[in-house]
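Presented below are the structures under discussion, each in the form of structure tokens.
Next come two complexes built around chain A: one with chain B, the other with chain C.
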Partner chain A sequence: MSRLITIDDIADIAAGAAVLGCGGGGDPYVGALMTQQTMRGAPPVPLVAAADVPDDALVVAIAGIGAPPVLIEKIANGSESELALRHLEKHLGRRADYLMSAEVGGLNSLYPLQVAAKVGLPVVDADGMGRAFPKLEMTSFHIFGVPVTPMALVNERGDLMLMQTTSDQQAEHFVKHLAVGMGGIMSSAGFAQSGADVKRAAVPGTLSICQDVGRALREARERRRDPFAALLAAMRATDYYRHAHLIFEGKVVDVERRITGRWSMGQARIEGPAGVLELAVQNELLVARINGRTAAIVPDLLAVLDEDTAQAITAESLRYGQRVRVLAASVPPIMRSEAALRVWGPQAFGIDEPFVPIETLVQRHAA
Partner chain B sequence: MSRLITIDDIADIAAGAAVLGCGGGGDPYVGALMTQQTMRGAPPVPLVAAADVPDDALVVAIAGIGAPPVLIEKIANGSESELALRHLEKHLGRRADYLMSAEVGGLNSLYPLQVAAKVGLPVVDADGMGRAFPKLEMTSFHIFGVPVTPMALVNERGDLMLMQTTSDQQAEHFVKHLAVGMGGIMSSAGFAQSGADVKRAAVPGTLSICQDVGRALREARERRRDPFAALLAAMRATDYYRHAHLIFEGKVVDVERRITGRWSMGQARIEGPAGVLELAVQNELLVARINGRTAAIVPDLLAVLDEDTAQAITAESLRYGQRVRVLAASVPPIMRSEAALRVWGPQAFGIDEPFVPIETLVQRHAA
Partner chain C sequence: MLRVGVDVGGTNTDAAVMEGPRLLGACKSPTTPDVTGGIVASVSAALAAAQLPAAALQAVMIGTTHFTNALVERKRLAPVAVVRLALPATTGVLPYADWPADLRPAVGDHVYLVGGGHEYDGRVLTPLDEAALVKAAHDMKARGLRQAALVGVFAPVNPAAELRAAEVLCQEHPDLQLSLSHRLGGIGLLERENAAILNAALMPEAVRVTAALEDAMHRLGLAVPLYISQNDGTLMAPREIGQYPVLTFASGPTNSMRGAAFLTGLQDALVVDIGGTTSDVGVLARGFPRQAGMAVRLAGVRTNFRMPDLLAIGLGGGSLVREGADGTVAIGPDSVGYKLTEEALVFGGRTLTATDLAVAAGRAEIGDRSRVAHLKPALVDAGLRRMRQMLEAAIDRVKTSAEPVPVVLVGGGAVLVGDELAGASQVIRPEQAGCANAIGASIAQVSGSFDSILTYSEAGRAKALDEARAAAIERAVAAGAAPASVSIYDIEEMPMAYLPGGGTRVVVKAVGELALEGAK
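This part shows the complex of A and B:
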């Protein structure tokens, strides 16, 4: 199954990717502008279902890596990802047949489409996270044995690193140091894998889900319907995110943020009729606590939505005074397995409490 | 002109390289042990004069990069440099014809010989510094337009970076961050150049000078002659270092040292009959001040010598109570040109005073 992505699809994908990005993955608005500019005049990009990728095809994942807020001040020059792709291909001695998202959340949903439009390649409708996560080894690729490296990393000046590490954790370790040297954010091409690997190790259909979620938001806006109801309906219609709930509403009263180089770390506080909701951030929203009780926790999805439009607000755009609702949603069972939780569960972020599914937490709070 | 380097030559080269290393470049004792182990049983390594390298040959420089004291605690696994060489060759799509030192001082005089013995290549009798310096762009290669990158960097685990930067300063910038990620020290293959480049951009004959200086020290010891007189005579017999002087003697009374990741920074204080000598260190000894007056300054050579043996003591081996003499020597006129001083003169290290040749300073102090 394959369809064509045109410039007109980008805004919807960006809006959906903002929700799935859990506040991270880079500002999809910036990503949409970059992608639309590249697609203007270029042929549409074929989007191919993971199941339809030939087993022996070479698939490369494209992603921005670093602290998302940096993107707002340090604009990409637009050719970083292509340069990264070309250097990885040179190292592999083979041209890529397909591009793919490493993380479907935020800007990183759009980067592969942008590069694909530039170089004339199809994109696989899949990713390695089903959302956004802040570390390289936090991918389904890692869980199923597809290594991060070789990975090419490029900054806006055109400086290049080709990284080949002894483990995925070492790759993350180096990226932490390189991100600082590269000015906080960089573009990457990596997770090189065969079509057979994609079928085994990727989360399929996620780019289409982004588009469906974004389309639901846009259509509700156009038809003057409740965008929150439309968003919940769209999420609940998916296999992955079907336990979707609005868990809080209120006003942002405090935001603390610091860029450590590799990550944007912080906290936010929202006050509303039901009390206080506190968010912990490491690029992405990791955990929400309402009046001190855990209300949603990684890897389940968390998104802060604008009260009027239901558009997701990235962590770097959270500001005092914003009136918001907070969305939480399940991730697919495979992302909640014991092996998966070891990679991206609460403990992987230093949060000393067990993962509890959002559907359980919602019942508990209702009780 | 070409001759063979055998295991029996290594100790002399190491002893001379310790003097030319200005306290840095990595402990040549460690380098000698590693090189001797590799050479045991291997055929001798041809050492070829720079003038005799064919213009179209590919020459690659091998060097350890990082904070030298780390080597004492984190021993190399012995195959890093070969791995770096192989990855650089893969990137260049061509095998190296010759290896060379990037810096002839310290351990880095021996690394190319060690790798050459392993892989069966000849070594060029030349380097890019005529001593040791703490930054990648501080080479004659840089001054004459031979870039640092592409450069392969490998740590003791076998993690690999292939770095291709937009400038030599950017290469140094990244190495600063990578050195931390790689545990303080790493092995490199870079400065890839043609034989024609070597003739134009390298400092010729420096490995032989190391050996001559080391041999003079050994023979004086064997014949129970004054090793200091022998050392001065050997230095003065070279074109490069002929203004060689013992500028101070005394006891080490204070050493301050901190590893910043990329570098070992510090100060040392020596007290003697003539007063106090203070040394500033950034991997290498940068400047010596006697009773507050500058007595020798970078890029001229500085070495702290053991009072009994005249063996050079590396900066990381300086200890309270050592009785020492301090040697200073000229570098060749080409290393003191205005263009060269911009790269490795006092200002390049943040020292706010002009370069004054050692022969001038010695006269000034005598006056």
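This part shows the complex of A and C:
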């Protein structure tokens, strides 16, 4: 099964990616404009199901790495990712057959499509998490032993680094320092893997889910239907996110941010008829507590949505007075395994409580 | 200080003669196409009401939405050269990427991408390509372009590239008028670029309007300083409006809100401005409107101006009233608008409007009450109830806490509402609410701001913030504030994630009282 992605699909993918971005992953606005500019006049990009990728094919993940806020000012020139890809190919001695997203939540849903349109490659309908996470080792690829490196990193000047590390954690450690010297934001090509690896280690179907979710939101808007009903229906139609619930509605009454190390830590407080919902943030939204009781927790998906449009609001755009609804949803089962939870469960973010699936929490609170 | 505040709206020009906190005289007259006539008529009448000669005035403050209207109507826009100092970055999204199709032809398609700009920490991204700028200037001359938007990557962090590029361009093309992006907005290249383009396109009109304002002063026999209201309600000198007309875009609603604060003495309140077609609901925090946090679209163009955060709902004096089969009553959002005095029942018209309900209920004496005597009390009650619900919902959305807050009602439609509103600790209708906008314009404050990304690790946070405060204060004084009166209104720190020791965006605003002698 495959579909063709055209310029007209980009806005939908960006809107869906913002929901799956869990408040992080970067605002897809600039990424969407860049992808649209590249796709203008280019043939559509085939989006190929993971199951249809030949076992011996070479698949490369394309991602922007660094500080997304830099990108809204120093926009990429659009050739960085291609350069990174070519350099990685040279190192591997082989051309890539497919591109893939490492993280469909936020901006990085669009990076592979932009390069694919440029170089004429198909994109695999999969990623490494089905949401957004802040660290390089937080991917299903890592869980299943597909390393980040070799990874090629390029900035807009054309400065190019090839990174080969002894572990994914080391790669993460180097990349954050490299980002400073490279000007804040880089394009990368890495997570090189075979088609057989993709079938084993990737989360399949996530990019098309982004598109479906975004399309549902747009169509509801065009037909003046309830966008929240449309969003829930679109999420529940998927295997992964089928336990999707609007857990709270209210008004943002307090936002507190601080930087710890390189992380944007914060708390947001939302008040509504059902009481108070508190959100803990570390780049992404990690845990929601309603009147002190945990209502959803990482790695399950959390999104704060604008009350009128149901569009996702990034954690950095949360402001006093916004009227919002909070969405929580299950994530793909592969993301909730014991091995996976060791990498991105609550403890990985310093939260001293166990992961409880949203479907259990919803039942528990209803009881 | 004796002064006159003037608000030039799309329909009316209001004037208010003020001495300190006292209103001495006010007048409303129709806005004229030349702007000048309406100002002269209003100010003369307000002076007459105050029984003062023009010579008694010490300053004039004018707020105008003229430029917003010019943009919305897509009229009187000049073609613009866009110069982006950014290569080799940013070509992934070219200028005008997300503009409404009908606005682009009005400003043309003259784009120059040039090496230059800065990194997020202020380092040079690329040395400025002066040869390319010289070439661009000659090309602009050949195309007859006289307005240019100059936009450098990370100019809010370091304006050096923009400033040097401006010198080079002006040397080659002395007639060129430049809009420098770092003067217009903060981080967000596309939004700031859009603001600079709109500003450049409006410049010739700004020069014309400035001349009209000065002509009005001349005709009034006034030789005193003239100031213009900005989006945040503080003042700038007229030579600035010639350069930065977009900074006046939101001054209308801002002046209304600040006027409401002034009339009630409240610094923190919710202001509801009920007009003919819509009501604007906004929050005053320490005398200034709370500003929108997100990108604002102006005539379909995304910009990052700091604009007042207003919620507009379709409820005004001219809103149409419709009765459903089940007895429910719907109000608006359509309105008879400025035709209220022809179409409303109380004026002998045939359309049932919100004003007719207010008159029928005895809340207002407008037109001929006997013409609404036939309305069923149940309809009147249901209609008034519906209006109250609409306003209460809007107030609840805008409020920043669950605590009841004072609500100030201004605008001609304030009669539509009773004195009880859920969420309001009290409902206040200032007597001179009709000219709140002109009074708002007369509040003589000036501001200076600082908006940049700072790296704390080098100098330490406290020292960096001190320097930011000092820069904002210095800019307020340069804009005409009395140095002793300047204080810091707000400091916002927004850390940038993902970069170790990385920057924090710091926005500081300083406000002071206008110093007439010291004003430049």
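The rule we apply is simple: the second predicted complex is superposed on the first by the 357 of 367 C-alpha atoms of A that agree within 3 Å, B and C clash if a C-alpha of one lies under 4 Å from a C-alpha of the other, contacts with A are read in each partner's own complex, and residues count from 1 in each chain.
Definition applied: a residue touches a chain if its C-beta (ideal position, glycine included) is under 8 Å from a C-beta of that chain, and two chains touch if they have at least 3 such contacts.
If you're wondering where the values come from, they're calculated on a predicted model, not measured in any experiment.
*Asks:* Applying the touch criterion given at the start, work out whether A:Ala244 contacts chain B, chain C, both or neither, answering first, second, both or neither.
*Replies:* neither
*Asks:* Per the contact definition in the header, classify A:Leu33: touching chain B only (first), chain C only (second), both, or neither.
*Replies:* second
*Asks:* Go through the superposed model and pick first if A:Asn283 touches only chain B, second if only chain C, both, or neither.
*Replies:* second
*Asks:* Output check: A:His91 vs chain B and chain C. Expected answer is one of first, second, both, neither. What do you get?
*Replies:* A:His91 sits against chain B, while chain C stays out of touch.
*Asks:* I'd like to know which partner A:Leu301 touches here: chain B for first, chain C for second, both or neither.
*Replies:* After superposition on chain A, A:Leu301 lies in contact with neither partner.
*Asks:* In the superposed arrangement, which partner chain does A:His173 touch: chain B (first), chain C (second), both, or neither?
*Replies:* Once the two structures are laid over each other on A, A:His173 reaches chain B alone.
*Asks:* Applying the touch criterion given at the start, work out whether A:Gly181 contacts chain B, chain C, both or neither, answering first, second, both or neither.
*Replies:* first
*Asks:* Have a look and say if chain B or chain C is in touch with more residues of chain A.
*Replies:* Here the partner covering more residues of chain A is C.
*Asks:* By the touch definition at the top of the document, which applies to A:Leu160: first (chain B), second (chain C), both, or neither?
*Replies:* A:Leu160 contacts chain B only, not chain C.
*Asks:* Pick out the shared contact residues on chain A: the ones touching chain B in one complex and chain C in the other.
*Replies:* 157-158, 176-177, 180
*Asks:* Flag every residue of chain B that touches chain A in the complex, lowest number first.
*Replies:* Its residues touching chain A are 87, 90-91, 157-166, 170, 173-174, 176-178, 180-182.
*Asks:* For the complex, give me every residue of chain A touching chain C.
*Replies:* Within the complex, chain A contacts chain C at residues 30, 33-34, 36-38, 66-70, 72-78, 114, 134, 156-158, 176-177, 179-180, 183-184, 251, 253, 257-259, 261-264, 271, 283, 316-317, 319-321, 323.
*Asks:* In the complex, go through chain C and note every residue touching chain A.
*Replies:* Of all residues in chain C, those touching chain A are 86-94, 97-98, 117, 119-120, 125-126, 153-154, 187-190, 283, 290, 293-294, 309, 397-402, 494-502, 504.
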